[in-house]
Structures are given as C-alpha cells and as structure tokens.
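Just below sit the structures, each encoded as structure tokens.
Here subunit A shows up in two complexes: once beside subunit B, once beside subunit C.
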Partner chain A sequence: MTQTLPTVDAEAAAALIAPTTPPGRRRRSGGGTAKRVLVAVWLPIVLLALWWVLSASSTSPFFPPLSKILGEWWDQWIVGDAKGQLVSSLRNLVFGYLAGSLIGATFGTLLWRFAAARRVTNPIIYFLYVLPAPALLPAMIALFGIGEMRQIALISFGAIWPTLLNTLDGMRGIDQVKFDAAKAMRLSPTRTLFSLVLPAAAPQMAAGLRASLQVSIILMVVTEMVAAREGIGYFILQAQTVFAVTKMWTGILTLVIIGMVANFLFVAIERRALAWYHRSRAPGNS
Partner chain B sequence: MNATRRSLRWLAPAAAVVVALLLWQLATAGGLFTRDQFPTMTDTVRALGDAIGTEAYWDSVLSTLQAWFLGLVIASVLAVVIGSALAFNDFAYRSAASVIEIFKAIPAIAILPLVILVLGSTLEMKVFLIAFGVFWPLVIQVIYGVRSMDPTVLDTAKALGVGGLRRFFVVTIPSASPYLATGMRIASASALILAVVSELVGGAAGIGRNILRAQNGGVSAYPVMYAYILTAGLLGIILTGAFFLFERKVMHWHESQRNIRANEQGARK
Partner chain C sequence: MTNATVTSASAGPSTGRTLPAGTPVLDVEHLRKIYNEGKPHAKMAIDDVSFSVDKGEFVCIVGPSGAGKTTLLRCISGLAQASSGRLAFEGTPLTSVPDQLGLVFQDYGRSLYHWFTNAKNVGLPLAARGVPKAERARRVSEVLAEVGLPHVEQQYPWELSGGMQQRVAIARALSYHPDLLLMDEPFASVDAQTRFDLEDLILKVRRDLGITVVLVTHDIDEAIYLSDRIVVLSGSPSKVREVVDVPLGQDRDQVATRASDEFLELRRHLLDLVMPHGA
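Let's look at the complex of A and B:
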C-alpha cells in the first residue's frame, strides 16, 4: 500500500487522537490459551447439556425436548423451505441497517459541524430518538402499504438515531486542545475531518452502530410479526397461532443464531477497523 | 447579556418545534400527503386533546409505564446483585461472560411468542419480556463498572475496616455508578420499546395496543393513532430526559461529562 499522506501530518494527527481515558486494570494472564478457552466454554456447554437432559422426558406443551427441536430445526431450516423466510428477512435487515446508519453518521457529522442547526433541531431529534420505533409500525403501514418498502423504511428509521447521536456525542467529546493543534498545523477542514474528527470519534461511533444494529434486528422481527406474509418473525408467530410449538422453537433458534452471527460479524469488523486506530497510536509503528 | 443568551437557547428549539408542526400542517393540508396516508396536525392535536380527557387514555399510559417500571426495577436489582458477585471472582466472571454475551445477542423479541403462549396477554408477560431484554446489557455494565474500580480504593476500604454490605453500598456501588447510570438510561429506552412491542404484537393493554387498534379502525381513526404515537414519544422524552438530568447532576465529576461541558462553554464564548 502506498502512503499518500505526508508523514508529518499523519504522525501529528495520530498524536492528536491519543487516548483520553487511562487504560483499564491489567488482567492477570494466568494459564495458556487452552485454559482460557476452556474457562470460556465450559458453562455454555454445561447449560446446553442440562437443557438436553432436563427436557428429554418433557411433556410440557411449551418446552419440548431439545433433541426434538434440533431435529425439527434441521428439517425446517436446512432441508425444508423455511430458508426462503431467511432471505427476505436478511435482505430487509441489510438494506434498512445500511441506509439508516449511513444517514445517521452523515447527519451526525453535519449537526456537529453546524452548531446552530444542532441547537435548533435538538428537541426534534431527541423526540425521534426516544420515540419507540415500533410504535410507528401502524403508521408505516398506512404510508407504504404492507409491502417490504415499509419494513425497510421502519428498520432504517430506527437505525438512524443511535448512530446519529453517538456520532455527534463522540465528536463533541473531542478535546478542544486537539482542534487548536490541528489549526496550528493548518490542517484543511477535510483533512481535519478525516485525520482527527472521524478517528477520534470512531470508538463511540462504533458503539452507536452496534446499538443501531440491535434496534434493526428488533424492528426486522416486529415488522414481520404485524401484517406481513414472510420472514422469520412471521414464521414464528404463524407457528405460535396454530400451536406448533416445536416449529416455533426452531424459528426462535434461528433468530438466536442470526443475533449471534450479526453480533460476531460486527465485533470482527469493529476489531479490524479499530485495530487501525489502536495501531496508529502506537509509536514507531507507521 | 447572559439572560438574553439563555432565553435564546430556549427560544430557538421552541421555534423549531413550532416550525416543524406548521410544516406538518402545510404538507398534509396542502396535499403532499392524502388524508388516508397522514392526518393533519390540527386533527391529530384535536384527537390528542380529546383522548387526554378520557380514562381509557390514562389507563393505557399507566399500563405501559407500569410494565416499564417493574421490568426495569427487577432487571436492575438482579443485574447489580449478580453483576457484582461475578465481578469479584475472576473465574466466575470469565465463565459467565460467554453465557451473558450469548443471551445479550438474542433479540428479546424472539422469545415474545413463547412468552405470550406461556403467560398470555398479561402484565406478567410484558414485565418478563422487558426484564429479560434489559437484564443482559445491564449486567455487563455492572461488571465493567465494578471491575473498573481503583484497587487502591478497595484496599483502603479494607484497611479502614469497611466490609460486607457497608462496603458494597459505600464503595462498590458509587465506584460503578457512571457505568450503572449509562446502563440504566439505555435500558430505560429499550424497556419502553419492548413494552410497546409486547402491546402491539402480544395484545396486552397499553399504548401499543391502542395504536394498532386505531390503525385497524380505518382512515377516520388515523388522527387517534398519531395521537398515541405522539404520546409514546413524549413518554420517551420524559423518561430519557429524567435519566439524563440525573446523570448530569450525579455524574458531573465523570470524564465523559466534563469534556462535553468544556466544549459547551467553549462554544458559548
């Protein structure tokens, strides 16, 4: 990769975004990797085993044996056509989340830059942020009909606010001294934005993006549970209304997997993105 | 001069709200949206005014608030007790961390149909869903808060002979309080969302159910629907605002608050 930035600027910018919080308490690094992995996984495995054993002879209509749930899950979601529900759910989630977080980050930056606009729109933005987004679902049905447009619209609407406010807060939390330094070094506004503001706000922006993702998943399911004809939420609720409890459990299991995979992907991407940020702070490593 | 500045800080946002309401009125009365898409502002405000006088309105607000409150209290108490217990034992913390992360990744709404099946469209159903959804992020905040405590503080407390419950309330909780306050504020918002969802999907009494009923009532009931949506938003503002003020008052010494205030003062110059 070619370095296009002048090194002096890059180093100066890196110095500007030095951490403001002291590093947390150092953890004792007792034992090897194997031991650490073992400590992390034994409890989930024991709990799963407990669930398996305790539910094996279950006659409760609500809590079927785990073995039955897993078997049915395989039939429905791997062999059967429940996979189709997955496609429409994930498509809505991806489009809605990307649109919402992009709008959120852009307007968060704009509002940070233009303090007057921020002060004026503040009450409206907070109103929209704290307004429980699912409450808008019936309104979205009235506006967009019952198609997927309304689902994507509601998901992106909900995803905007956590990202927007965290972008704004992250940028406002930057120490004024750093801007003075940037000014003294005559960084252009664009350079200041990309070399100072965005990296310095990145950790909090990531927190906002993560919150947006969680809101998006909730809204994905909610939109599918009311007046929809496809999707995982529809699948689960449909199974519940006809009292197909095991089938309902397979839907829940799928949602759990989606939640975990989405979370895992986010953390993996965040680690990569912020690894650059952490590396840039380390001296003599550019 | 200070007084005019302060009044300006209040006037500008107030004016913005008025302008937004006027734009709403213009867009709907002017024909950008038809009546079956979006009701006019005046119709909605009138519907809200009518609703406020009825007992049904306050019943729905109270049942939403009740579930919000109970769910939040149950989850916070459990989170503080379990979180501090886990934070003080390294093995317990590392063992439980993966389980907590897994449960935190579960969208609470996934178990809603199951909870409806077991508990019905009741208050218990709402409270359970809220407490379940809010507990996992909260317990993580508590663990982080307790673990971020300065070891010297703990040693000092030990040396001074402060122990047991007293140390828990005088040393541990205050040390973890910035994390706890942030966690509670976020949890409050999630709890309100889950309350509305459990009413919308689960059919329990509350604002969410009234919104859906108004939507099912057809175009003539749309102003009522938006009146309840406005109510949900106002409820959110009041609850979140209360947590924000509390955080500012109690956490003024915390770093995150200091930087924001310093920048505000810089901008005010």
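Let's look at the complex of A and C:
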C-alpha cells in the first residue's frame, strides 16, 4: 500500500548489479501450483534440450556435448572429491553474505535514525558503493593475507551496499502518519523499531538482501579465482589452465545450481516472511 | 443548559480517575503555531485559539478548509509543539501525547499497521502499556465488539472495507480506555452511508464508555449532529470565531435530528460563520 520505490540512485545501481524484481510484482496471476511451475520452467527446459541436441555431435574442444559435461559433472561433483571445493565455497558465501547483510541492515537503520550521520557519511557511502569490489582484492590480500578470511571479508564488503541503501530508502519512505500513530499509542523506541520501522521497510529490505545475495555469489567466484587454493572458482580456473574444458564446464554448471538454489531458498523464505505484503497487494485487496 | 445535560450523562460508567472537580479534560489558552519560526518563510497557521473541554463533553472543531484544523489537532494532542500559549491535559501541561489520550487519524490506510492482524493492531497500545497477553486478547475482543466488529481478530486490516478499517482504528484508540478521544476528520475517507453509521457508532461509544470526544471536521452538518459544543475557527491563520452551543439533547437520530428546526437554525448560523463574507 505505501511501498515506496527506491530512489533513482539505489534503483539504477541495483539494476547494474542484478535484475532485481521488486517483491510483489512477480506472479500476480492466479492459477494452480502446477501451472506456475510450468510457466517458470518451460524456457530453461527448452534451452537445455536445445543445448543437448545442438551440442550432441560437437567436436569443438571448447563446447563439448552436454551429455559429456553431465557425465563428467557426476564423476567430479557427486562421486569425485570436488565436493571439498563446494564446501569451502559455500562456507565463504554463507559467512560473507550473512555478515555483509547484517552490517548493511544495521548501518542502514543507524543512518536512517541519525540524520547527521547520514549527511556526513553520504559521499563516502556512494563512493564505496560504486567502487567495484573486486578492485579491492589486492588490498584485501595485503590486509588479510591469502585465505578464507580475505574471501569472506570481500564478500561481506560487496554484500553490504545493496542491503544498506535499500534499508535506508525503505525506512525513509515510511509514512509520517504511521509514526504519529506510534506516538499516539505511546510505543517505546524499541517497540517502534520492531513493530513499525522494520516491518514497514521489510519489502524493500528484502529487495536489497536479494541484490546482496547476487553480489555475494559473484564475489565468491571472483575471490576464488585470484590467489586462492580452493573453491569452485579455483576449480574452474585450474581446469581451464590444463585444458580440461569439460571439467571446467562442470564447475560452471555447479555455480548455476548454487545460484538457482540460493535464489529459490531466498524467494521461499521471503514469501513466507512477507506473506502479509504479497497478500495485501494481490488483486481484490485495497 | 447544555452543560447540565452533559454532566449528568458523564456520571455513568466513568473511567474512575480522580481529578479535582471542575478541571477541564483539555484546556487551550492563546495557542499559537508558527511553522519555520524565525525564518524568512515562516508561516503562521494558528494565531490565537482558546477553548476548553469538560469531562464527558463532545466538542467539534470546524473551520473553512486550510484553516489549520489538523495543525490545531496535532498541537492539542501533543504530536506537535505549540509556538506559544498554554496547553493542559487534565490539569497537567502538555509536552508529549498523554497516556490517557486516544487518537484517530483521517486516513485509516495510513494509520493502521497493515503487517499486523486487526487483533495485533488493536492490542499494540495495550502491549506498550505492559498489559499481559491473555488480558490483552480479552480486551481486544471486547473493544472490537464495542465498535461492531466481532470475529475480525485474525484478519488483516486490508481484508476489510474502508468503514470497517476505520472502526479498527477507532478500536485501537479506545483499547486502553482513554479519557479523551481526539479525532481528525475520521469519516472523510468513507462513503456517505458508512459515514452515518460511523457517526452513530461514535455517539454510542461515547454513551457506553462515558468518554470525552473532540472531533475535527470540515462538515458543518456532521458537527451539529455530533456535538454538545462547536468551536468555529476563522480562516488561516486561525482564531476562534465563535463557540456555539448545540442544545439538541442526548438522543439523536440521523433523519429526525437533521430535519428538526433547531438543527436547521444552527446550520444557518454556522454556515454564516464559516462561509467567506464578501471580500
């Protein structure tokens, strides 16, 4: 009802990072679950089938047949010991993403609350926001050395900004009347935060958290490709340097699966946590 | 004469707080509000407003549009700071929204928290006052029934019609049994039929709870129908043009009262006060 859109800056920047769909604009039409699943998966299935058929007789060393990639994927990631790379990557992703979004949400809230701090830090925040995080890799290596600390730190750093800016914008967009109502009910500052500020800003915070998740996955791979000894990115790069092209493709395939599962989990949790929001925006409700 | 009937009515199920006899619930003296005071674009919204509201009274504040009615309400509720003047709620100077004040805003869509169920919305001020959960649930059901909305506890505000949502907002303001209910054009966002229903609801609530009500409106007919007294404001910056007694008694009826000679006479008088006189 009173969902405010992000400001131009945040929206444009978010669009640069990932095609973030604001929650609530998805899947407006009704229909059964089966129909919804079908609508969601028909294109990927068609594309996979096309890939399978068109690559079936491929002799190009760079584009092996899909059947071969899938077979190799099974051998490497299910049977073989590439699983270890997966564990290390996922650990970095989870810790980095959680730390980054927590810092982003906390500082976003603080900057909303303290206007003076917001004015002082505004230029710095936009400076850090537009700075491509991978450019900090060398600095991070100098700071944290080589290892997972550096990787987690860089993932967190990148994950902070979409969440921080969306938290700030979401909170600044809350209707003043809602704060008047909070004062009229004599809600304490803590209760105002948890009963008003956080729920009211939640839809936009979710959009920010989702963009942060995309950034985290990108940075997970990037950090593993520079001065690293483990992880999926390392695996892909190693395979490529020894011309094990099929093996390289299995790493990419694994990344796709991670991205899809992470997104699916995110959407599932979001739709649960923000059920009131999605339902209130459904047709037939004011 | 008006005051006599009012006092006897308020002797009913009162809230039981002990105040020195004769202390007005709300006392406003020479209130002035200037926005951006001391700056070049300073604007005086309220020039000089004085009135007081006695226990059990129903007072409406009317004025032409742009007369600073909402500003006045924000000042007397403690939401906004007055620039000068004296404001007292039950004898105590007003600094923030008093504990025993209930506020209903014009737009229920903006004032209700649509992420909470109706029960949670209505129970929020109770939770803020440390009322235990079981007691809270009981009082929420009670007050929802009082405003004619039984069995909507588990629904969300946006699942209800506009008039029902405003009833939820009224229930929320009544849940902690305030001494004074302040309403800012509470029926401006609903259709005419619902408006009549809500007007009668407020009269019933006031009778049932013996509560004092101050209601801001731009609708003269509504003001006459509801009030014991009407404070008529002049255009911006506002001053009190006149305080009009409404001797229509306790029992009012949408058809009969509005058609009565006294009603029409008051209406003529008030229109004359509010309408701009030839410039």
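The rule is short, and it goes like this: the second predicted complex is superposed on the first by the 232 of 286 C-alpha atoms of A that agree within 3 Å, B and C clash if a C-alpha of one lies under 4 Å from a C-alpha of the other, contacts with A are read in each partner's own complex, and residues count from 1 in each chain.
The rule is simple: a contact is a pair of C-beta atoms (placed from the backbone, for glycine too) under 8 Å apart; a residue touches a chain by one contact, two chains touch by 3 or more.
Model, not experiment: these values are computed from the prediction.
By the touch criterion stated above, A:R172 is placed in contact with subunit B alone, subunit C being left untouched. Judged by the touch definition given at the top, the superposed model places A:A181 against subunit C, while subunit B stays out of reach. In the superposition on chain A, A:A202 makes contact with subunit C only, not with subunit B.
Of the two partner chains placed by superposition, A:G32 touches none, neither subunit B nor subunit C.
By the touch criterion defined above, A:R191 reaches subunit C but does not reach subunit B.
Contacts of A:Q240 after superposition on the shared chain: subunit B is touched, whereas subunit C is not.
In the superposition on the C-alpha atoms of chain A, the part of subunit A touched by subunit B in one complex and by subunit C in the other spans residues 175. Taken in their complex, subunit A has these residues touching subunit B: 20-21, 24-25, 28, 36, 39-44, 47, 62, 115-116, 119-124, 126-139, 141-143, 169, 172-176, 211, 214-215, 217-218, 221-222, 225-226, 233, 236-237, 239-240, 243, 245, 248-249, 251-252, 255-256, 259-260, 262-263.
Those residues of subunit A that touch subunit C in the complex are listed here as 1-2, 175, 177-178, 180-181, 183-188, 191, 195-196, 199-200, 202, 276-277, 279-280, 285-286.
The part of subunit C that touches subunit A in the complex is made up of residues 74, 77-79, 96-97, 99, 101-103, 105, 107, 109-116, 124-125, 127-129, 156, 158-159, 162, 172-173. Those residues of subunit B that touch subunit A in the shared complex are 9, 12-17, 20, 36-38, 90-91, 94-99, 101-102, 104-114, 116-118, 147-148, 151, 186, 189, 192-193, 195-197, 200-201, 207-208, 211-212, 214-215, 222, 225-226, 228-229, 232-234, 236-237, 239-240, 255-256, 259-260, 262-263, 266-267.
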